[in-house]
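Next up: the structures, one after another.
Consider the two complexes below, in which chain A is the common component and chain B and chain C are the respective partners.
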Partner chain A sequence: MDNAVETLGLTKSYGKAVALDNLDVKVKPGEILVLLGPNGSGKTTLLHLLATVLKPTRGTAMVMGYDIVKQPLKVREVLGISFQEPRGFWRHKPSHILSFHASFYGLSGTKKSEVVEETLRGFDLWSSRSKRFMELSGGQAKRLEVAKLFVHRPGVAVFDEPTAMVDLEGKRMIWDRIKGLREAGSTIIVATNEVREAEYLADRLSIMKLGKEVVTENLRTLKDSISGGDVVEVEFSSPVTNEISQAVLGVPGTVRVTAETESMIKAFVNRSEDWLPQMMSLVQTLQTKVTSLRVSEPSLDDVFLHYTEDAVAEKPNA
Partner chain B sequence: MREMLSLLWFEVKEEVGAVHWTVYQWAFFAFQYFVYGQLVSKLVVSVPNYYFYYGTGLLIIMTFNISTWAGRRFVEGAHEGRLRYILSLPLRRGEFFLEQVLMGLVVNVVRIGPPLVMILWITGAPALVLLTSMTVLLAMSAGIMGIMISLSFVAFKSFDIYSAIVAGMSAILIRFSTILYPLSYIPNAYANISRGNPLTYGADLLRSAVNIDVSGLLNPGLSAIVVLAVGVSTLTIGMALVPRVLEGVKSS
Partner chain C sequence: MHIARVDLSYFFRTKWLLATLIGLNITDMLVVGVVYKGMMGSFNYFTFFAPGVIVTGLFFASFDVGRRVHLGLTEGVSQYYLTLPVSLNGLVLAHLLSAGIGGVIYAGILAAIAAAFLPSLASFGTLILIPYMFVLSMGLAGIAAVLNLFSNAGERYWVFTEGVQTTMVALSTVAYPITVVQSYFPSWFVSLIELNPLSQGAEALRSVVSGSASSDASFNLLALFATSLALMTIGVVSYRRVFTKLREVGKI
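Now for the complex of A and B:
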């Protein structure tokens, strides 16, 4: 099995509104793929289709070798989903909810009790185990929603905004547990519009917009794909002449150069790690001195905005 | 099957766990039967043994309300997100639909059982009557749940319209029927409409089951066929329609 998940022209429409448009995404076994996109980009629809909660209008997807249209029951056996909004059985207690979930996936007796206790403790819910669901705080309810997948540890675990409503400490805890789930062998798909979450978790990122996949790559490649994304501030020991500016502009990989102060320029370059050695050679050739040099690479925010603000974005490998 | 029973047990525990609601329904039934029933049976003198007739009518209204609630709960589950979670579990859609109906029936037994036993005990009916009358009530309940769940597609467009339809249906179905007055004692125009109402057949079948001696009850065989036909057809429609609506097939 080359891919744990593969969508094949997956399309979902509601009347004339297209929520997901002819999507072809592949998720490798054991990786964490983060779906990043603005509201309404189709992330949640994609997750619901993979979980067979919704049926596609056209196309299909394979999950661990099972077709979501033809073998939905098999898909539900190997894929677990943690929903965006924690809703549920208002009068049941967290321990009962997890116990019920565990029994649905074949756990019983002492083993089930052990797993439920371990999960409740792991998600800091042990002290709230006897409260009713309706009495939990928003953060606790969300942690319970996420915790369900750690009871049965599915082959493919799908999380829809796993840390929404969760405090900073809780976010880090959930992220680490998701990574732990991957280490234990699960393939993970996370949908989020929180850039920091994506940056922390992603092996690869798929940026979505208006129901379409804009680009899917690892973070490094995405950052490198932004033309002039790396910014290098170079301060010279003497005022920057027009000759120096033009020479810097001529270094391969330079997109543009701006003057910051009399002796400092800011160069917007592609792949600063390739650009810097050439810049140093130029400095020697020009027989000038550099007193300081600062490199900053584009943040994921820059990448996200770059790909979602453009109506037609180019893929890095296209 | 094991998964379906597991879900059934989980949902029933949650519903029956709301003990105050169950006790409230019993208390409300007792008040209507012992207070209002006594008063109204003194006014309705033309129908023999009307107090008993009224009591069985109350049971049917209670069954109707609980069955309507079961359908409404299904819709609320969709709006609240509970349904989405259940749909993601490894359970066949048909089994899920069956589980919803079974849950409604179990809740019916819990909430209607004691009032039914009380009425039959007061009237001195034999134990077998409890079985037959409960069977009739549950068959009616299945039909009503089938209608309410089948109508859920309306709720996915507008919950307000769904609520209005359910309220309107409740008012019409209960009043244009023999739930509170026998067919032979009501005006012809009213009786003709009531003959087209499945609840009339259910109500008369229950009275036949508990041996109420009122002239003009519909033939029990015919009534049984109508009640069963309504139950089977509405549940079949619901079973075919609802999963498609839930999975967004109808909307695409």
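Now for the complex of A and C:
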């Protein structure tokens, strides 16, 4: 099995509104793919389609080799979803909710009780185990929703905004647990619009917009794909002449150069790690001296905005 | 079975609902039944009315599955069920099963209270009726399923429920004998009341209490079973459609 999940022209429409448009995405076994996109980009729709909560209008997807249209029951055995909004029975207690969930995946008796207790403790819900679902705080309910997947540890675990409503400490705990789940062998898909979450978790990122996949790559490649995204501030020991500026502009990978002060320039370059050695050679050739260098690369915010604001963005490998 | 158990437990966990239902039914049975008995001279209205109240209780309890499914649809629990390794038919049957069991348990509680005043209710005949009451309970839940299907918008479900419950109880022999209806209404209307599953259920219980049906309504267990089965089939089709629609349109 080359891919744990593969969508094949997956499309979902509600009347004339297209929520997901002919999507072809592949997720490798054991990786964490983060879906990043603004509201309405189709992330949740994709997750609901994979979890067989929704039925595609066209196309299909394979989950661990099972077709979501033809074999939904098989898919449900191997894939688990943690919803964006916690789903629970108002009058039931967290322990009942997890116990109910565990019952569907072959857990029973003492083993089930042990797993439920371990999961409640692991998600800091043990002290709230006797509260009713409707009495839990937003963060507790969300942790409970995420915890469901740690009861049966599915082959493919799908999280929709797993840390929404959760405090900072809780976020880090959930992220680490998701990574732990991957270490234990699960393939993970996370939908989020929180850039920090994406940056922390993603092996690869898929940026979505208006129901389409804009780009899917690892973070490094995405950052490198922004033309002139790396910024290098170079300070010389003497005033920057026009000759120096022109020479810097001529270094392969330079997109543009601006003068910051009399002796400092700012170069917008592609892949600073390739650009810097060439710049150093140039400095020797020009027989001048560099007193300081500062390199900054684009943040994921920059990448996200670059791809979601630019409707005709090119894929890095295109 | 897990879903049926959880669904059923939700009915019994909604304590304010249970308390209200029990309170109303017992008030009806003991106060109305006893007062009317005193007013009617030779006609023992309590003996007539108590089985009707028990069947009404069974109706309300089994109908509660509609409320639970409505909440499940609006709050997303039904979507969660769709992620579990359960088939569509399994999910549908779980809801109907929980309605059936809930109705019988609730009616059993009322019957136990009534038996304190009507010892004939605590008989072998009542035991024989339990499977029929169970199927009747699942059949009545089928009506709730139809309401779930046609009331996806917010409060419409509650309005429909009020209307259907009031109409079904009013147009039945729960509170008055069929002879009263025959005196005032055309035959087609009488037939309608006789066909009402609540009439059939009430008459079945009355036959246990007094040895035979206490009114002239044509009654037999086969008819009760057939009506219940027909309604249950409608319920299965309706809930299948409800959950299929949910998968097509997303959250309702």
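Keep this in mind: the second predicted complex is superposed on the first by the 318 of 318 C-alpha atoms of A that agree within 3 Å, B and C clash if a C-alpha of one lies under 4 Å from a C-alpha of the other, contacts with A are read in each partner's own complex, and residues count from 1 in each chain.
We adopt the following convention: a contact is a pair of C-beta atoms (placed from the backbone, for glycine too) under 8 Å apart; a residue touches a chain by one contact, two chains touch by 3 or more.
Nothing here was measured: the structure is a model prediction, and the numbers come from that model.
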Once the structures are superposed on A, label A:76 by its partner contacts, choosing first (chain B), second (chain C), both or neither.
-> both
Given the touch rule stated above, what does A:13 touch, chain B (first), chain C (second), both, or neither?
-> first
Answer with first, second, both or neither: which of chain B and chain C does A:194 touch in the superposed model?
-> neither
Chain A contact set shared between chain B and chain C covers 14, 48, 51-55, 73, 76-77, 80-81, 83, 85, 87-92, 100, 103-105
In the complex, chain B touches chain A at residues 3, 6-7, 10-11, 13-14, 17-18, 80-82, 84-85, 87-92, 244, 247-249, 251-252
Give every residue of chain A touching chain B within the complex, in rising order.
-> 12-15, 48, 51-55, 57, 73, 76-77, 80-81, 83, 85, 87-92, 96, 100, 103-105
So, in the complex, the side of chain C touching chain A is made of residues 2, 6, 9-10, 13-14, 71, 75-77, 79-80, 82-87, 247-250
Chain A residues touching chain C - in the complex, by the definition given at the top | 14, 45, 48, 51-55, 73, 76-77, 79-81, 83, 85, 87-92, 100-101, 103-105
